[in-house]
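For clarity, chains are labelled A, B, C and D in written order, and residue numbers in each chain start from 1.
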Amino acid sequence: MIIALKPGVSKEEIAKLIADLEVLGVKVDSSQGASQVVLGLVGDTTVINDDALRANRFVDRVIRVQEPYKRANRLFHPLDTVLEFQSNGKSAKIGGGNFAVIAGPCSVESREQLVSIAADVKKSGAAFLRGGAFKPRTSPYSFQGMGCEGIDLLVEAKKATGLPIVTEVMEISQIKLFDEVDIIQVGARNMQNFNLLKELGRIKKPILLKRGMASTMTELLMAAEYVMAGGNSQIVLCERGIRGFDNFTRNILDIAIIPALKKKTHLPVIVDPSHATGLSWMVPTMSKAAIAAGADGIIVEVHNDPEHALCDGEQSLTPELFDNLMNTLRKYAALEEKVI
Amino acid sequence: MIIALKPGVSKEEIAKLIADLEVLGVKVDSSQGASQVVLGLVGDTTVINDDALRANRFVDRVIRVQEPYKRANRLFHPLDTVLEFQSNGKSAKIGGGNFAVIAGPCSVESREQLVSIAADVKKSGAAFLRGGAFKPRTSPYSFQGMGCEGIDLLVEAKKATGLPIVTEVMEISQIKLFDEVDIIQVGARNMQNFNLLKELGRIKKPILLKRGMASTMTELLMAAEYVMAGGNSQIVLCERGIRGFDNFTRNILDIAIIPALKKKTHLPVIVDPSHATGLSWMVPTMSKAAIAAGADGIIVEVHNDPEHALCDGEQSLTPELFDNLMNTLRKYAALEEKVI
Amino acid sequence: MIIALKPGVSKEEIAKLIADLEVLGVKVDSSQGASQVVLGLVGDTTVINDDALRANRFVDRVIRVQEPYKRANRLFHPLDTVLEFQSNGKSAKIGGGNFAVIAGPCSVESREQLVSIAADVKKSGAAFLRGGAFKPRTSPYSFQGMGCEGIDLLVEAKKATGLPIVTEVMEISQIKLFDEVDIIQVGARNMQNFNLLKELGRIKKPILLKRGMASTMTELLMAAEYVMAGGNSQIVLCERGIRGFDNFTRNILDIAIIPALKKKTHLPVIVDPSHATGLSWMVPTMSKAAIAAGADGIIVEVHNDPEHALCDGEQSLTPELFDNLMNTLRKYAALEEKVI
Amino acid sequence: MIIALKPGVSKEEIAKLIADLEVLGVKVDSSQGASQVVLGLVGDTTVINDDALRANRFVDRVIRVQEPYKRANRLFHPLDTVLEFQSNGKSAKIGGGNFAVIAGPCSVESREQLVSIAADVKKSGAAFLRGGAFKPRTSPYSFQGMGCEGIDLLVEAKKATGLPIVTEVMEISQIKLFDEVDIIQVGARNMQNFNLLKELGRIKKPILLKRGMASTMTELLMAAEYVMAGGNSQIVLCERGIRGFDNFTRNILDIAIIPALKKKTHLPVIVDPSHATGLSWMVPTMSKAAIAAGADGIIVEVHNDPEHALCDGEQSLTPELFDNLMNTLRKYAALEEKVI
């Protein structure tokens, strides 16, 4: 940890500040720069309150050299985290050389719709079924999802197809409904819903954590750290596009966060090309880019009738297009030596 | 509502699309442009599912002319919403020609701290006391607030000073603890926590709704609409800075959203200069800019000992600096003909 | 073109506005919406001055349905533009099913450096040699490039290797020095240097036009349109990363602009993974993502001694790493059925 | 300057790196942190090549403690730079307790237009006349300005009114036409047109330097440093809005950069509320915010007939509205104790 002091601080003030810091158990080295003194702190600097330090009238800047996350940090946990599931009687993994494809409708709309899509994506080779039961919608007047009934239909579809299911939780009181859900998704808007994260840290179920629309990589990892600090380390991170200044896509797919995350953390990283672009015709291209960039999987929207979908039809693939995509991804997976 | 079709759609397809739309009760005008046909929809277009329409293979673009919010829309409710409170035996208003000053510590830390700051801000002329009991922190290892005990201390401070209190709710199960709280704050990270918003729509208590870090003006108004759709129209909107590409301030204070919101909605609009900049020395300047730009108030952090604050010390004013700020704001309020 | 009027405009005012517009030769359809009148303009709307219209006190919004670019628009020029060069005695193309690799140092530093790198990238299979002679640097105190001497060294390297050369022009008066340069690069900071673009429209030489740091896709295409309006249609567009709110990479590689541009324009689109990320270890991964996303090539920095490079060493590949990258790209090109 | 090494670098490698750095004349302090070694460099670190250092395979991060600008830095030049002009027979200053109002049309369109507006803004109290002769337009098909003839008309208007004139230069070859221009404006798109900046450093005429659309504060100051390094220190900085993710205003007025710049530099800082918002009805409000935030002036667009302006009519004030604005600003200037 580095503390740059303002120009002109007296020797006495500096000595006092160093003494205050050393009381906390860290060692402080002081260097006289051209126009200001710089302090280097060595030891367990997690005890230092950055905010208070920045408020100190003699302090110009506070710079942390070490990352603030620990459990999510690859530095301390070099091996890839790999999550294992049973999918249609076989093992399906996320992380560690596998490429996981999670597919299904944006929203569960009816038994017929879900059964049909689930059968289709299974046939094409998806290992996981997605579908929204509780839907975060910008407008209170838009379809809000089928709720509990949607969860029930997903569980039915799981039994029928053998595919593990992924669906989104929106608040703590809903968690008890997710007993038979295999992966609980936390949406972008809830990435910093810290109470929800804490609660999810107390259960033993994989969490799919989506990056917030304007979240830094560190904030995403700190959100994962909230869950991990509670004891749950089964986390899959998901890049789903960030907010940008142009609107030719709904969001900007920040493709470089994939290798960046793979370097910083041992957790698996997948991509949501459907929300990232909002345009179904771009989904296959962005899925290829994701696997080429090192992603551990994708979560993709498939709808049997996008023109009548209750939600996000514009970004949903038809089952035929999804089937084509799977064929393409198998070739890319071979090139990347990944199990799909 | 305008629908631009792709070039080359056949007359039959267009006729079919128009028929599908008119079944929903809207009237459709068709114009042949230079290279594409444009449809104009007249009537109650809220029945139209934009997403599905965008997924239609003949559709190029869908443009809504009308704003998607109704209850928050000044077009339908031209008069300013004014919230009224009792503060220290007098009426204190937010909205409609009043300038409300909400001041207090970032976090409630102890009875002594809160009592001392509350007395100070009251003496200087603040009409409301703020203080965080439940704190949204990026790191799970940072101080998370005093919780219920913090609420109790705020209620004590309210009784001692007569100032109405403002504090943040982080999840639904906490709402029951806010009975004696005068204004419930929804933080930036929860602006699109739709379940929380719906629940707050069912209670009869003013809500201070902060703009999310990357939220558009429309999204902020739609968040307010969630609360209003439930029956609670006592909402104060708050600009607290948006995420930007530079870091000389913590966030970018989007000053122009003040007049923009005042034009689009009848709800009061206040500014949080402390979080917007993260720098206490900028708070007075940004507070002046806020009142000059037409804000209905500010919410500002004051701490008796910023260098030892458990949270956000860097952005807190001392009581002395806050007292100076109040003196300045009184002059600006006179110029703007606002009651402070 | 759609014009939404403000609510409450009188019939007379509307009739007058329509008459004013029809004088310009367009046909105007008027629709009465729920709360406002909407005008649809048909015909050659390029004669309409949007700015003036937006300033009209009765106008709420002006929406253009058609794209403002013509020469760059694939709608009017469906076939891919393909640029052809002689490289080392063979044909080397950019666009239309080819994958062009442009490689070389950030800056030309000396004859030895350039000769060595040029030989290396040629051996690995690059078809074009890049190198900066005039360097846009944030600081006036940084190395500004070798200037004319740098151009001379590039021309020497071209003669020695047979590779066509790409280098950046920074102002109009330099153009005359670029006679033997094969592709003239316009940097991100000059994307809207309109005088330079106009001048480049008057010459007969391929232009590599980099997207500005905060430019929309439409602005990039309008910049190309400036060059094309002057008569020069040999343009290669380049995505090089846009400015974002995080700093784990220097910029954000906006990977989705590749398919978006390929749809909107017939011009080739390449990617600069070196500037987009600023990190050499990410360059191979981002290059794979680029080809997977449909790019027509990459422009990549290679340096024989990155630790002593005068500029951007952090983002330069060594010749060995570049050779590995070429081997990988050949496999991807085979999958994408592109000629590399 | 701080260099954090990667974990696990050997003592020999560290010693070698320190030796390499000390050869350059700096002193290096080394601290052993919890998981990595941190080097602190003391002395003239401007000799260090950051890029090369970041490319070093043992280096994790390089952090500069000192600002990279010198001539523009208030640390070394504590006193405000004040520019003085003759306006209508009186002294008109920019900087140091003065509030300069620069007003006029976006573009010079004709003698009649300019004469009329110049007389109006003079009567209302503007001290400077603005008007564009060379216009940077996104589209090659839009009005590009009157060019030299526009300059001539501005000079005529200057003679007629006595107001100093401000107009934009777009490329080096135009500079010779600006002999009778009082302040040469560099537009946002040219903020990093380094050749132009260098050339403007060689002349003795005040420069109005607009912040680029996505430029950091440091980049703006480095652009000023380019001019100052050439010997011209008469620079006025101008905040004109940055690119954001919403579109209710054309750009985001970054109001906090005013106090931030005033702290970091001695150069005057003005605001362009017309381009920042793109909406004439917001200009008065944003002008008040600017003066409240400490700006040294504004540059504002005034047009006698905004509905027929050839450029940016939507953001132009009428002379009547400008007159009202001046009356308001005089009250604010009195409060801020500024000479207007």
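By our rule, a contact is a pair of C-beta atoms (placed from the backbone, for glycine too) under 8 Å apart; a residue touches a chain by one contact, two chains touch by 3 or more.
These numbers were taken from a predicted model, which means no experiment stands behind them.
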Report summary line: Between B-C and A-B, more contacting C-beta pairs sit at A-B
Query raised in the report: Farthest chain from chain D, comparing Cα centres?
Result: A
Query raised in the report: Just curious, how far off is chain B from chain A if you go by their C-alpha centres, in Å?
Result: 27
Report task. Please report how many Å separate the Cα centroid of chain B from that of chain D, as a whole number. Result -> 31
Query raised in the report: In whole angstrom, what separates the CA-based centres of chain B and chain C?
Result: 39
Report summary line: Residue ranges of chain D touching at least 2 other chains are 214, 242-245
Report summary line: Within their complex, chain B touches chain A through residues 46, 49, 51-52, 54-57, 68, 136-141, 170-173, 189-190, 192-196, 198, 213-214, 219, 222, 225-226, 229, 242-243, 280, 306-316
**Report entry** Residue ranges of chain A in contact with chain C within the complex
**Finding:** 214, 216-217, 242, 244-246, 248-249, 252-260, 276-277, 281-282, 285-286, 288-294, 331-332, 335
Query raised in the report: What part of chain C is in contact with chain B in the complex they form?
Result: 2, 4, 7, 29, 31-36, 38, 40, 42-45, 60-61, 63, 65-66, 75, 243-245
